[in-house]
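The chains carry the letters A, B, C and D, assigned in the order they are written, with residues numbered from 1 in each.
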């Protein structure tokens, strides 16, 4: 189950950093969705290494091939197999890692768990694993947009100490894609880029925060108790490499508010039940309430730094290791499509689950 | 699936605030574990309403009955059914909620999702639902302690603006249980209690942060990619009522560190691979590394306040509603056993999954 | 997972022969279904011991209590907990089984698997476990009938060497319930009853075949590849105690036909695509085709016979054992509601799954 | 979930008859298993079209590529992606099927379910889909053999009216592979081959029975209640194309025995608990008892016959259709590796599940 996600819209990802490629099998995609590689490639391009000056220079075109599940331009309802070949692999850069564990990477824990690991580029623990998620997520995003008018948008909210000003209710994709750091605050973005360039020059790395907003999700998605919408989103986000925290709506700031300050009052607006504030982040009792779903994810600074660090080797001897290979000084710009993909994968699953139990339009059921 | 959790150690919880009771069926508990109600009752008592002056005065003894799965004092390997009767139900206190949606509660979203809801005490969305989790979690905790020497400890780290000083490596259960707010900082605890009492007097509520630590978990628990240990913990925590955020190890603070500052160096200590710091929070690449697992959960202020608030009714008309019934001014003291229970449920599942693929002791496999 | 069944409509059963009772939690039942104990009790009465002269005389009223999930006479969409108390337990009748393994029972395998077992009445391996399935199945049957007009009917087709003549397309429930052996062939039924009575007199037991028919299922239920409708039915049936075989449509008789003889020709009839024969048994490629779904299940003779038999004890010594306690001379009459229940549980799950991927009526999609 | 199978050892298959290929992702394979394409190819060769004069002449080398999950000759514990390219596709042979439904095929039901289908060679409903199962099954077989000494053997027991004499306790793989029909009865095999050749000459097809035996499985595999070993085997077998029935041990013949005749007496033999007969087929109460696991699967005659047959088209008009393309006159010889593969996939899953709950050798637990 480690590499299978979802309950009705399921994906099984596979592949290592330096093997025959990376890919995904999507099981449970509804039929009749118009789909071609052109629907998937743009998100892969946003995730791709080498896309800009502030990401890793590894050269991968990450061209996706659809191997099954699509016929005459539409999904069949049967499994969709997607494949991206690995091209620019340089295993020799990792020779030292065959015997030494990189600090704050997964080398030691994979070895402890499995008794074996692919040390070339981190093997399965490489961020390259996320190619399959992004490809599957692109399918989910398209279905959500066509079927329900749902829009999913993520963007960089903070890099190191630099915070952007963004209004999740109105931010547009064009503003996110207007710069290479994917921050829609035109004033903060250049400073963030400079901060990342500084980190690279210093052989160091920086972290940050990605915020995401889902607009157009109807009330009723999400399940009570365990499979709450925010619980599944939290799982999806914490399953992303380098993520350390998740918060929805008011998030950790809720702690310093009182109940009177924090509650979202209900008012009728445009014939619909709306809230006047959105500290709930669009989810109440685990179920969407029709407001924008807003959450944030903290990403740590990349663990590979170009400095000597204390570590141990597979024989249990103390030693040191200095980062080599091609790496991102900051994952944030490339994390944006990952957050969108996982969001879409969680949402489509809950959308399908809600369809299973609901025969009539939800809005009519609030009487 | 809304009320089923886990992959190998599975639980199915059931029950509403005012029905015949609440309970849980545990499927997949290993056989031969010594078990009686006395193993479960203490955690239910820590979750119980009416336990102290700073929680809801609803009177429930929450006495657990074991209906199946235990024979001559040991688990059989077959489903364990646990039942707690509801006693002090007062549906009349909720009559107004039959037609009005309480702000920042789940009344509206349940109605939107299902077209029906049990308005008595919030029905299934009541925190009373967590009885089953705590009961199942007590079984998981006992197995983890006996089988692996794992200790799980949660405590209140912050109430409103009051932060406690706690060292997760050394904090003891006795210090947590030494006061009614379950904060092991003897200096902060009384101030927290006064803050909660103030909120109650004002008909208001406050939120806070629970921190948890797991000591003694071996390296190797957790799965790569989707079922990472921190991802499943995040899901478990965000599935708790009133939770708004989750962070592990350095959490959101990782954002303002650089990679050089953030990385956990490896050193041999006591013949084992250890880290000199623990910003990873005991998990690397989704897999435990043998260090204490440390994470925090943000809980919002309780939504029920004793003041008039704007809301709408089921006919879609603007109206107001004032909180009634018996409620907690702060969920934190009672959230502590919930966090422990969900932690235990996540850990036992991963412990069993690791046993499935591992025939030999993990420590030998790091060669 | 041993005691959890289903993907969207899920049940978790629990309970042993001689414990506090038996029950089930149903998770995923659609909301707004009118439901009371009166919908469930009749099927439990058909499964009940002591119902007639040809079943075990154990006295159990098997009165069901609904503990959660129903409010004001309708399902809430949240878990439905059902409980039946054990009444007429006689553990003393099983004292000898505490140390000896009954031949062709599960005593030895439970002991081998778990290292422990409840020897009172077979514990979890008792047919009493099926109470929860029948209760959950009654809910599924009602939903299928109200929502889709689906009728599920099982009946005894053969007892020992006595075969009944039954037309699955026209057989009625009233004919099945017209006699205590539940065989709708009025000529065969009395002979079957005499055969069972003879077995009882001889301290012996007999087996037989239950046939089931589903009428009214629309085309489109079932999934390709692994979760084929017949595959899930086969699993459901082989999960019933004492079942040894399953066949659908032509079943094992297909072997002696050629393709030209076996194929079901398509013809339009009543504006619908129909087949002129039904050797497919209503399922093609794992998916229902709109014809009656017809299958058969073989049940072995009950293992408990009132004669001395060779066996071994827990110390690994050869010994003998003679059947005691109250037992059925033939499971067939009581197996009928079990087969119906499992059929309903499989069908509702696939009905919900089909709703998840299908937004428009299926019949329109065949263009 | 349609194309995902298993609980701990999971596979996701994909691919259509005429697309970019067929494949499988295996998630949950234990690490450190020596594995190369040479372990998988032999079973694919046994499944391959064109392998002999009595199977379809479609030319596919079915050469497997391992794309991930194996490093330096051993499994990593991470997903294993296997791919087989389609080569000899002839979509033009299926042009007529684009509008007409082939009788007793899945054309109509796929169209009814999804509103779309790939009519080229049956698309996903083609037996070509089973390539992924056989590839994954080869991995499972190897693990079961190396880890537990388990041997899985299937063979043709009956073709049309010709029954073979085979002793499941002693039959050897070499006898099965000694002839192209895969029947270890050297006297029956040539007659079966002639019967299949006769069917082909007549443009007709014949069915038959495959029997399988598992030798060396320890006591304790399988779960009570729903996930019984025979229930999962039944599901696996009924998920195979063209299968119509499953029986274990005495199977449908149990019906005409009495309990005294049918019961398997226990006796100590070689220091182990054994049964003197094996009507249980190696499984009691859903759990293996250490005896050979023996079961049979009925396969119908192939639906494609070279004769005009009544059918309807997508517009709902009566018409006729005559079989074209390259087809098997009898699936039995190629079904043998399919049955073995599904058996291995069911067994490895239960073996891993048993490891999860069992810390000590099973044999010691029977005290």
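Some observations on this one:
Note that a residue touches a chain if its C-beta (ideal position, glycine included) is under 8 Å from a C-beta of that chain, and two chains touch if they have at least 3 such contacts.
Being a predicted model, the structure only gives us computed values, none of them experimental.
Counting C-beta pairs in contact across B-D and across C-D gives the higher total for C-D.
With every chain reduced to the mean of its CA atoms, the largest distance from subunit C is reached by A. Annotation: 26 Å between the Cα-based centres of subunit C and subunit D. The geometric centre of subunit A is 38 Å away from that of subunit D, both derived from CA atoms. Centre-to-centre separation between subunit B and subunit D, using Cα means, comes to 45 Å.
Within subunit B, contacts with two or more other chains are made by residues 1-4, 7-8, 13, 28, 31, 77-78, 113-115, 124, 224, 353, 357-358. Only residues 1-4, 8, 10, 12-16, 19-23, 25, 27-28, 31-32, 65-69, 71, 74-81, 83, 113-118, 123-124 of subunit D touch subunit A when the two sit together in their complex. The part of subunit C that touches subunit D in the complex is made up of residues 1-5, 7, 13, 101, 103-106, 108-115, 124-125, 129, 158, 160-161, 199, 204-209, 219-220, 222-228, 230-239, 244-252, 254-268, 271, 273, 275-276, 279-281, 283-290, 298-305, 307, 309-312, 314-318, 353-354, 357-358, 360, 362-363, 365-367.
Contact residues on subunit C toward subunit A in their complex (touch as defined above): 7-8, 28, 30-31, 77-78, 147, 224, 352-353, 355-359.
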